[in-house]
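Letters A, B, C and D mark the chains in the order given here, with residues in each chain numbered from 1 onward.
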Amino acid sequence: MAKSKFEYVRNFETDDACLPNCWVVVRVDGRSFHRFAEHHGFRKPNDDRALHLMNKCAQTVMQELKDIAIAYGQSDEYSFVFRKQSNWFKRRSSKFMTHVVSQFASSYVFYWKDYFEDQPLLYPPGFDGRVVLYPSDQNLKDYLSWRQADCHINNLYNTVFWSLVQKSGLTPVQAQKRLQGTLAGDKNEILFSEFNINYNNEPLIYRKGTVLVWQKVNQVIRKKIKIPQETDEKEVEVTRMKNIPASLHCDIIGQQFWDQYPEILTDDS
Amino acid sequence: MAKSKFEYVRNFETDDACLPNCWVVVRVDGRSFHRFAEHHGFRKPNDDRALHLMNKCAQTVMQELKDIAIAYGQSDEYSFVFRKQSNWFKRRSSKFMTHVVSQFASSYVFYWKDYFEDQPLLYPPGFDGRVVLYPSDQNLKDYLSWRQADCHINNLYNTVFWSLVQKSGLTPVQAQKRLQGTLAGDKNEILFSEFNINYNNEPLIYRKGTVLVWQKVNQVIRKKIKIPQETDEKEVEVTRMKNIPASLHCDIIGQQFWDQYPEILTDDS
Amino acid sequence: MAKSKFEYVRNFETDDACLPNCWVVVRVDGRSFHRFAEHHGFRKPNDDRALHLMNKCAQTVMQELKDIAIAYGQSDEYSFVFRKQSNWFKRRSSKFMTHVVSQFASSYVFYWKDYFEDQPLLYPPGFDGRVVLYPSDQNLKDYLSWRQADCHINNLYNTVFWSLVQKSGLTPVQAQKRLQGTLAGDKNEILFSEFNINYNNEPLIYRKGTVLVWQKVNQVIRKKIKIPQETDEKEVEVTRMKNIPASLHCDIIGQQFWDQYPEILTDDS
Amino acid sequence: MAKSKFEYVRNFETDDACLPNCWVVVRVDGRSFHRFAEHHGFRKPNDDRALHLMNKCAQTVMQELKDIAIAYGQSDEYSFVFRKQSNWFKRRSSKFMTHVVSQFASSYVFYWKDYFEDQPLLYPPGFDGRVVLYPSDQNLKDYLSWRQADCHINNLYNTVFWSLVQKSGLTPVQAQKRLQGTLAGDKNEILFSEFNINYNNEPLIYRKGTVLVWQKVNQVIRKKIKIPQETDEKEVEVTRMKNIPASLHCDIIGQQFWDQYPEILTDDS
């Protein structure tokens, strides 16, 4: 077989290794999720089912892939941070982004029914991904702060917008006009005076998004063991330490979070 | 909100636009599919259900994404060829590969049950992807020939290997040893003399893989229309021309295929 | 010596190989040459000494470096085209551009005195360079056409501008205003009616720039040889075929040039 | 003029901006300088004229270009470190390397006669260049340490090698054999016992190379000024503070250097 004749085409692949000693961030975004949300009856401004499904997918990504130090998600996007020293697949950019995005996408469909019990999935959704490098810890913290600030801005807007539409009967165009040019304070005021909503009491998952960090937990599993001098196996409970991606809904812009979880930035084991 | 303070991190994104006037090939590969196949009882050497599911996913990719001229798949891999003149997402490499791989992965889970009726999907599978550019038509044809030659080589090997294991009772290690150093002719001879198999009569989908090309078909749909001066709507049959990704299992190494489908290389509408 | 401890820094170098089977164009531009020209009394609108020095530098680049198929220069810029199949320094982009630009720069100073006999070089000039890839022959021809069209546009403008300044006594600002909004025909008309200049009779090197192509020439060299049975060496003339970068000042936008020199595009020996 | 028709070729240029917040190192190497050194009678193992000419070129580069924080040179190579925050030419990699290498090359020829008074320059030399990014200060210090360690290793070897050739009359092949497998201690011992040379007393510029750092100096210049109520101009001496690239021949591997010049790493004004 004329294998050698064609094999030269392999040389057209380019080396896309990420610069060493930088944080590698892969951000996943839902493709046309505005439309997808409408087709699947997502509740507005936030759908708990959708948010928890996103978190489940992100946890799966963290468990299946190597070297992810922290992840942060909000709305239809999720960012995964690979350790500075990661050498997974020789740090090839295409490997980082396609493994993340494909695992996320397949998990989304796989776990859908666990979160949307009464709403069948109508078609397989798409996602896109990108890789961004951050050389310093401060750059990385600023990246995550940027996403969480974005979460806050959008959620405040959406909370007022959908209150105006759902409770005051405004059309979307009217609601949009009403909010044009308003500052954060104005929006808080509308929520409070017109809808008796104190924005600061809204659920943290809506206001802060979700942070996934590794946590050691004790896991009790039942295991069959063979006791010497006994014929039957015996089932016993065994406690094992396990690393799991735990979800938090806290502020990550201030220094407190990083003081509480110093290993995220330092642990390059 | 201190949005502006963090927004500088956007400047760390790099421009990854593909060189214009080149064919953009995205190849998707199953991640750890050897293990995945075992867990899900794939038949050896070829599992029709798995091959047809791969084809269904690839067709979904072609229909959901823009500017794919041709696709070729075999085993657990699929290559998608975007037109030279495509300007989809400004030709950004990350967009090409993540859209393809995420749509492929979500489709794989979504359509699984249509092909594996008695075999539940145990966990969400992963895929990886890469982008390779080919400047000339000959380079592109050689790339596709390389993949089809690879299909042939692997399938011939696997057909003999699994005959030895399944029909002659050899262990995998024994079968591997038996085949060490054999040429294509030797393998054909083993198949014929020991198992009465004429390799050339094996199904084309195994030997050639699957080519997806756009074909115009007449589609008959039922449509409700309102007839003037009648009160009720009436259902009528309407025939419409539609472009669909049709699957072929033919040779694409020789010139004949390209003569038969000249629009693949030339149509840059 | 703690060599190994530091050597890891080599891994931070990235692979910048150019895509195979593409034309590799390196364009060199003089840095702040407007100022440089003033400091060194360049004649306006064209200084023959400067143009011929540029050509000499470009010829040196073609002779010292490998795989250059054609070069084109005008004003203070020069483009060098490496063959599609060149594998010089593994096609590393940085090697292409730095070798070209450094050889050009050192030659500029080295040969300066041969062209500017009465004008000493006051300081070492700077240049910048870039690499651009062109996948098809048409793309390459269009690139070169783009530069030659640019040469024409600038030279026509400059010829009128400096006539207005030098012969009609306009200030540069007045000349610029006079030319604002004029088309090529208007400029030709000004030249003809006010200065009795037929632009088409202007020297080709100004209007078309300079093309460097490889030409075989017979070179007569004197060589000392030893005649058997004679004691002294004898000097003889020997004619040898040699490949030299010959300069042309012709149109390269039309097809005629490419028909006359087909080997530029085809010869990938 | 059909300018627009060709101008599309500009889109083939790729964006090669360096990742922000990283040190940008450009290293220049002489091309075929072994041969160049022979042709120009460089003294072995070190030629002071050549080393000082290299330093002069590097100083010119630092003065002509922007944002260089430190430079380090040895033998026929020089490394230039651009500040992390430099936004010179939008951090385009090709701009960094071609400006450095062309300025270095033109300076080499321009200043040649000041250092090689009795040795004419026979032909214009070539150089190559590359860009490497270093995300952290430690990475940068390790890079510079790597080059200085390389200087030490090569210079020790060359010092012994040329002693054996020049003073003991060994052929180069014999000298090479003699040194095969020897450690640093062995080489020091040969120097001491056979040539009465204490390597540590060799000139620092040979053993450590040259570091260029910015230093403020008082510069006295003569200036003509006009005194009120006097008719003639009067020449006076004026003292001005000026930033110049000063050369050092010290250790940069240890911490002491960085403690002494903290502004190299911190000053991003």
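Keep in mind that, in the parts below, a residue touches a chain if its C-beta (ideal position, glycine included) is under 8 Å from a C-beta of that chain, and two chains touch if they have at least 3 such contacts.
Chain identities (UniProt): A, B, C, D = tRNA-histidine guanylyltransferase 1-like.
Nothing here was measured: the structure is a model prediction, and the numbers come from that model.
**Q** Just how many steps, at minimum, does a route from chain B to chain D need if it may pass only between touching chains?
**A** Minimum number of steps from chain B to chain D: 1.
**Q** Report same or different for the chain C and chain D interface, where same means the shared residue numbers exceed half of all residue numbers found there.
**A** Same: most residue numbers at the chain C-chain D interface appear in both copies.
**Q** Centroid from C-alpha atoms only, then distance chain C to chain D, rounded to Å. What do you get?
**A** Measuring from centre to centre gives 29 Å for this pair.
**Q** For chain A and chain C, let me know how many angstrom lie between their CA-based centres, rounded off.
**A** Whole-Å distance between the two chain centres: 54.
**Q** Can you work out the whole-Å distance between the CA centroids of chain B and chain C?
**A** 48
**Q** Can you list the chain B residues in contact with two or more other chains?
**A** 12, 14, 19-21, 133-134, 139
**Q** Can you list the chain D residues touching chain A in their complex?
**A** 19-22, 133-136, 139
**Q** Residues of chain B touching chain D in their complex?
**A** My answer: residues 11-12, 14-15, 17, 19-21.
**Q** Going by the contact rule at the top, pick out the chain D residues touching chain C in the complex.
**A** Per the stated touch rule, the residues are 1-3, 5-10, 12-14, 28, 31, 60, 64, 93-95, 97-99, 101-111, 121, 123-134, 139, 142-143, 145-146, 149-150, 152-153, 184, 253.
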